[in-house]
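The chains carry the letters A, B and C, assigned in the order they are written, with residues numbered from 1 in each.
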Amino acid sequence: MAEHSNPSTPERGSNKVILDVNNISLSFGGVKALTDISFNVREHEIRAIIGPNGAGKSSMLNCINGVYTPQQGSITFRGQTFSHMSPRQVAEMGVARTFQNLALFKGMNVIDNIMSGRNLKMKSNLFLQALRIGPAAREEAEHREFVEHIIDFLEIQAFRKTPVGRLPYGLQKRVDLGRALAMEPSVLLLDEPMAGMNVEEKQDMCRFVLEVNEEFATTIVLIEHDMSVVMDISDRVVVLDYGKKIGDGTPDEVRQNPEVISAYLGTSH
Amino acid sequence: MGPFLETLIGGLMSGMLYSLVALGFVLIFKASGVFNFAQGAMVLFAALAMARFAEWFPALLGFDNKVLANVLAFVAAMAVMVAVAWLIERLVLSKLVNQEGITLLMATLGVTYFLDGFGQTLFGSEIYKIDIGLPKDPMFLFDKVFEGGLLVNKEDLYAAVIAAALVIALSAFFQYTSTGRALRAVADDHQAAQSIGIPLNRIWVIVWAVAGFVALVAGMIWGSKLGVQFSLSLVALKALPVVILGGLTSVPGAIIGGLVIGVGEKLSEVFIGPMLGGGIEIWFGYVLVLFVLLVRPQGLFGEKIIDRV
Amino acid sequence: MLYRENGQFKTSYAADQQIFPIAQDRIGILLLVAFAIVGVPLLADEYLFRAILIPFLILSLAAIGLNILVGYCGQISLGTGAFMAVGAYAAYNFFVRVDGMPVIVAILLGGVCSTLAGVVFGIPSLRIKGLYLAVATLAAQFFFDWAFLRINWFTNNSSSGTVSVADLSLFGIKIDGPLGKYYFCLGFVLVFALLAKNLVRGHIGREWMAMRDMDVAASVIGIRPVYAKLSAFAVSSFIVGVAGALWGFVHLGSWEPAAFNIDRSFQLLFMVIIGGLGSIMGSFFGAAFISVLPIFLSLVLPALGNLFGVTIGTALIAHTELMVFGGLIVFFLIVEPHGLARLWSIGKEKMRLWPFPH
């Protein structure tokens, strides 16, 4: 996998905290998905969340996004604390995400899917859009240009007018990433971006993730199952198991944590 | 007090009849996840078949006994409904397996139109009578307590009893038999049920045939009351709010929904109607359901829908 | 290759985003519009105008409105007839009660009233989805059926329950006779089709389609479900209301609430399904299909009957119409759920490759 600078160098370790998860507890009816989870994310870092299936990783991202409202706890983003936010507020604060099961807009083509990510930035009202004059027309062209840069970056130019439902899985994942990038986020939540990919596709996706992090200075929170990816590209790791946090630190620290080892390899409980 | 109780009882009984039609909807939805808009058309088709067979058999076979005619007509109409069920499964449902609910709803809308046209082509488009011997005279109850007694329509009473019996039988069927369990599995997930070996096609034919049976009973009762004519298929539109109110998957819900809507309609027509110009029955049920759905989007007894991402 | 489309490169995004980026399509559409404006009046007779062309135009407009709600935004509505009625009766009241009210303004105001009704009855869509929403929209249908029948103010206290309009004129030119009515409707249709197309390819259109395809993901991107759904109801009801006013004023002349009953709602839904959900062009296809079918059947069936020596009465033709409608709905849903519009684009793709198979 790609080379990455030593995470314990001072530059990254001393960045300020951009996202703080405080004592989040989430349950659905009788099922406790998350119990008292706290961790922070520093600016510009790549933070991985790992854990066995069902550990509550996606639920954690959903809480950060405002899709689920936790019963207890709060989230602090850039110094402002919230116990409950709507997805739109989170999006306006600069948080974007991709989805484990894609959640692309199957009825639209690649360009329209990524353009939908520009939605927050498009301001012209209904009447101007209906007439397609002045600001409305300019907006469409300007944002289209931005989207084309993203398409170039993700190397999907040949597919821009294809309906996304017809694309192979790996390319759909890229479109999902493109849609999130279109929001120009300061924090990017990636939910298993490499799931179901072969080695080459994973290398491509890693390359994209690293470039986004280095060139656009985007903070990345990443759920991933592939341990080699996690160990190679992340700065710090949070480990969840059965909704509880069992590890938090650099990849090396976490790798040697006995609780983490037993969670993954299993011991007699 | 007297008029209020009369209206109430009248409402309860007409509500029972709505439940009967609603039951057909719930059956099919419970078992196949399909919202069968064509239920009303099935009621009309079944009623037409019964009415015409009851006319034709005596003429064709040369006998005069009304009971025999009715029994033969019932059996023949039931056979027709089974055939209809089989055809719908073959030509429509099996081709649309695992499509979205809306697609299936539209397909049943198409089936509605088709059955309406086909039924009238086969059986004619005039008004026909069904006479199964339900007494049509009124009874007067409790005439010691209320002056003149409470007017109760005997026909409605018989109908309500029949409907109640059918509902109880069907509830038991779903809860306690293995076929009933298989039906519930199919309603949850077509493909999963198929993958554990449940014969989807046969199950669907069974369900639609049972719904056809319910439609036939409903058609008989309504037809006996109102005569068999095209407007019978509009009875389904009256039953829709009942189905939604009770929640699409609940048999007891269909009963309670029917009673609520039946009573609500009658009471509102008598006590609120005059203030608004009358005729509010046509929308009362729907507006009531609208407000209930705003509070509980899944109906009174339906299952809550959780969106997972 | 029936005609060459390649080699047409665009040098600006605006050029790439036009409604018809391919030159042949542009020319084709311009020819079609020119034919509609000049050719049709030369070739059509009065019967064709009254029975087919004018209803087709107005129903296309209503279908475009419904398509925006059902096809683009994914909100099922079974109450379209009611919103047409609101547009018609509102326009009627403005026209009749306000002295010197120009017809076009009355019609547009009818659309505005329909918008308000649409937004009110669209509020349930914020909580209710799918089948439950379909039934909720029926509440609108039956409520307005009753309102326009029983509340006398709406019909200007007409004793028969029927209302009628006469003496329509535009800037002093009388709109009577089939040609005038045809141009009047054609004008509305061309303008509204263009506005609708611009909306669906703008960012509100993408919001609608996002809500339709995956509403949770849409909210994560920052789309507000309330705004997206209610704007769809608003725009859709406006167009449908204008169509309703045109239907009453221009096509019927005098009408009663039954003209906008549940059968009308189903008819429009069929048009949109058969024509193609999520396609402006499809709305036209569907309207054409449904407008022409009854006439087609009433000509063909008796002829077929004569072939076999059987007389086919009008009742049977009416029943056959029902069967054919129903059968076609099922057929399209099974074979091509995206309707005639998809068949059209598949056909064009095949034409591009012809005579090669792929």
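We adopt the following convention: a contact is a pair of C-beta atoms (placed from the backbone, for glycine too) under 8 Å apart; a residue touches a chain by one contact, two chains touch by 3 or more.
Quantities reported herein were computed from a predicted structural model and do not represent experimental measurements.
Visitor: More contacting C-beta pairs: A-C or B-C?
Guide: Looking at contacts between chains, B-C has the larger number.
Visitor: Measuring between Cα centroids, which chain is at the maximum distance from chain C?
Guide: Relative to chain C, the chain whose C-alpha centre sits farthest away is A.
Visitor: Just curious, how far off is chain B from chain A if you go by their C-alpha centres, in Å?
Guide: 50
Visitor: Could you please state the distance in Å, as a whole number, between where the Cα atoms of chain B are centred and where those of chain C are centred?
Guide: 33
Visitor: Need the CA-centroid distance for the pair chain A / chain C, whole Å please.
Guide: Distance between chain centres: 42 Å.
Visitor: Considering chain B alone, which of its residues make contact with at least two other chains?
Guide: 309
Visitor: Can you tell me which residues of chain C touch two or more of the remaining chains?
Guide: Residues 216-217 of chain C each touch two or more of the other chains.
Visitor: Could you check chain A for residues that touch two or more other chains and list them?
Guide: 67, 99, 103
Visitor: Can you tell me which positions in chain C touch chain A when the two form their complex?
Guide: Touch list, chain C to chain A: 12-14, 16-17, 195-196, 198-199, 202-204, 206-207, 209-210, 212-214, 216-224, 231, 235, 278.
Visitor: Which residues of chain C touch chain B in their complex?
Guide: Its residues touching chain B are 76, 124, 127-132, 134-136, 138-139, 142-143, 145-146, 149-151, 215-217, 262, 266, 269, 273, 315-316, 318-330, 333-334, 337.
Visitor: In their complex, what parts of chain B are in touch with chain C?
Guide: 35, 91-92, 95-96, 99, 101-103, 105-107, 109-118, 120-121, 125, 237, 240-241, 243-244, 248, 276-280, 282-283, 286-287, 289-290, 293-294, 297-299, 305, 307, 309
Visitor: Taking the complex as given, what residues does chain A use to touch chain C?
Guide: Within the complex, chain A touches chain C at residues 65-67, 86-88, 90-92, 96-97, 99, 103-108, 112, 115-120, 122, 124, 126, 129-132, 136-137, 139-141, 144-145, 148, 179, 183.
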